[in-house]
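What follows is a pair of complexes built around subunit A, which joins subunit B in one and subunit C in the other.
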Partner chain A sequence: MHTTDTTITVRYFGLLAEHIGIGEERLQFPTGTTVQQVRGSLCERHPALRNLKYRIAVDTSLPADGAIIDGCAELALLPPFAGG
Partner chain B sequence: MGRYDRQITLEQVGLGGQARLQHAAVLVVGAGGLGCPALQYLVAAGVGRIGIMDGDTVAITNLHRQTLFNAGDVGRKKAVVAVERLNAQNPDPELLALPFHLSTANALDTISGYDLVLDCTDDIPTRYLVNDVCVQAGKPFIHGSIHRFEGQVSVFNHLNGPTYRCLFPDQPERDQVPSCAATGVLGVVPGTIGCMQATEALKVILGMQGVLSGKLLIQDFISQTLRAISFQRDPAQVCVAMQRDISAEQDERRACATQEHDGISGEELQHALDRNERWQFLDVRELHEEPQVDRLQGHRIPLHELSTRIGELDLALPTLVYCQSGVRSKLAVKLLREHGVAEVSSLEGGVLAWITEVNELNT
Partner chain C sequence: MSTTEKTTKLKNIFIDGAITPERIATSIANHQTKTGIGAHDIFLGQVRADTIGTSTVSAIDYTAHTEMANTEMQKIREEAFSRFDLTCMHVYHSLGAVSAGGICLFVFVSSPHRQAAFDACRYVVENIKERLPVFGKELFAGGGHQWKENR
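Entry: the complex of A and B
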C-alpha cells in the first residue's frame, strides 16, 4: 500500500485568472484528496482566492465538498460572471 | 410563402410550435450586448409578446456591441429605441418598452406578467434579484453572462430544475465582479452568448429536448472550447430565494446607500492634492495598462503580486490605491487593511473617472 500523487490540470476562469496571474497550471494532488482540501491548498498557493467566490468543477460536474477527486483530468474554478 | 415557413418546416416547430411562439410572452431584462441580439432573433421568430426592460440611455461606447443602436440614438432610452427598430424588423410581435431598471420595487410585478425571462443584465445583485423573483413567481429564466473572452449560459428554474443560487450559493459583493465597462469587451462575445440565450428561450417555448437546465455551458472564445458542467437543484438554496422578503428590502437599500465608504472621488483627491497633502500612490493595474497619470505616479504593483510585495510600501504615509475603473483598487484596500495598513483608500472610478472628472493626464 502506498499513496501516489496525481497530476491534474487546474483552470481558472474569469476574474480568478486575472487575480492570480495565470489561466491554468498543472498541479499534483495526493490520492484521496477531497474538493474541500483542493480549495484549501489552492488558497494557500494563491492567497487572492481567499476573498473570491467560486465553485470547483471536477471534470464535468460540481460535486460536494467531501467528494474525492481521484481519477479526474481537470479541475475548473468557476466564478459567476457579471458582464452583459 | 409566409415569413415563418422555413422554421415551420422543422419537425420541432411545425404549425403547432409556431402557434406556441405566437402565444408566448417573454421579458428581456437588459437591452445591451446580450439583449440586442437575443431580441432580434426572438422578434424574427415571431414570439408574440416581448417586454424590453432597460433604464439606460444609448452611449457612444455601446455601439460596437449593441447592434440595435446607431450614432443618432445616443442619449435616447435603449428600451424605446429597441422597440422602434424591432417593430420595423417584424411588426407581428407586440413589443413593450419598459425604460427603467429592474429593482426590488418593480421586479415581482413585472416578471409575473411573462412566461419566461432572459437575464441579459450586467451586474451581480440584479442577477440574484432575477433569480429570486423568478423562483417566487415560478418562471423559468435564461441566464447569459460574460467576462472578457469567456461566456456562461444556463437555464434556471425550468420544470423544477436548479436555480442560479444552486450553482452560485455565495453571492459576491458588487465590487468583486467587474462589468464590461471595467474589463473591456469584444462585441461578438455577448453577441454569441445572447444568441445562445435566444436559442434556449425558443427551445423552452417549443417544449424541445436538450434545454440547458442543470447544465452550465462555458465558452472560451480564445481557444473556442465549450464545457458543459452539470449541477443539481439544492432545496436549501431554493428556500433562500423563496424566503427573501423583497418588498422589505426597498427601504433598507435606501438606508444603506450612503454607508460603506472607503473610496475617495477624483474631486476630493484633487482638493487634497491642491492642499499639498502627502500621499503615497499605488497603481495596482497590470504593467501594460494605459494611460499613465503623471500626478499620480508612485508604486506600481499588479494586484496579484500585492500580498507578497507589501514591504515595498511606506506604511507611515496615507496610501491612495487606484486601478483602471475602481474595482481592483477596492480589493487592494481590503487586502492592505488585512495586512494592517490603516490609512488607505481607493480612487472611485479609477483612472478613467479621474481623466473624465478632473480632465487631466499630464499636468
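Entry: the complex of A and C
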C-alpha cells in the first residue's frame, strides 16, 4: 500500500513562535496522521516544544488527539490563552 | 441566491490598539433607536500594570489566531442568543500593543430586562477568556517581557 504525503502549513503562536524562532512553516505529513503523531514529529523537529504547554488546532477547531488531520489546510500550535 | 444570503458572514472582533472611550460612547449612542431594549450590560477589560519581582508591566502586546478566534466568537454569540433573551451583542478585542490603563476588551450586551443582560455578559466574558486563541506578551517598563496566561 502506498501512502501519499500532504504538505500542510504549521503555524506557531505567542511564546511558541518566540522559542522556535519562526511563525510558520510548510511540512509534509503522511496520509492518516493523527494529532498525537503531529505532536510527536513536531517535538522531534523542535525540541523546545517538549517543555512547553500547547494545544493543536486543525484549521479552526481543537480536535481530540486521536483525530486524523487528512484534508486540513492548516495546523496551529496554540500556547495558553490570554484574551481579555 | 438564497443559500448565499443565509450564510452568516463572520464578524471580525479585532481592532488595532486600545479600544477608545469614544468608540464605547458611540456604540452606546447607536442603541438609542432600539427602543425595545431596557437593559445594557458592558464589560471592559483593562490592561493592569502588574508587578512581577522588580518589573512592572507597561503594556500588553496582543496577537491572535484571528480566523479561529472569530469562528469561536461566532459560536459563543450563538450560544448567548440561544441561552439568554438578548436583543443585540457587540464584542471588540485589541490586537497589538495596549498600554497599562488602556481598554483591551469591550463586551456590550442588550436585552429587554436586566437579568438576561447581566447573565449574558458574564457568560460571554468567561467564554472569551477560556476559548479565544488570543495571546498576550506583557512588556516590562525597563525592557524584557513575559507571556500572560489566563487563570
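Quick notes
In this section, the second predicted complex is superposed on the first by the 79 of 84 C-alpha atoms of A that agree within 3 Å, B and C clash if a C-alpha of one lies under 4 Å from a C-alpha of the other, contacts with A are read in each partner's own complex, and residues count from 1 in each chain.
Heads up, the rule we're going with is that a residue touches a chain if its C-beta (ideal position, glycine included) is under 8 Å from a C-beta of that chain, and two chains touch if they have at least 3 such contacts.
Values in this document were obtained by computation on a predicted structure and should not be read as measured data.
Which of subunit B and subunit C touches more residues of subunit A: that partner is B. By the document's definition of touching, of the two partners only subunit B reaches A:Pro47; subunit C does not. Of the two partner chains, both subunit B and subunit C are touched by A:Ala82.
Looking at the shared chain after the overlay, A:Ala57 reaches both subunit B and subunit C. With both structures placed on the common chain, the touch criterion links A:Gly21 to subunit B but leaves subunit C unconnected. Shared contact residues of subunit A with subunit B and subunit C: 13-15, 57, 60-61, 76, 78-84. Those residues of subunit A lying in contact with subunit B across their complex are 13-15, 18-21, 47-48, 51-53, 55, 57, 60-62, 76, 78-84.
Residues of subunit C touching subunit A in their complex: 45, 62-65, 67-69, 71-72, 93, 104-105, 125, 128-137, 147-150. Contact residues of subunit B toward subunit A in the complex are 30, 32-35, 120-124, 127, 144-148, 150-152, 167-168, 170-172, 176-180, 183, 185, 190, 216, 218, 227-232, 302-305, 307, 331, 334-335. Considering their complex, residues 11, 13-15, 57, 59-61, 76, 78-84 of subunit A touch subunit C.
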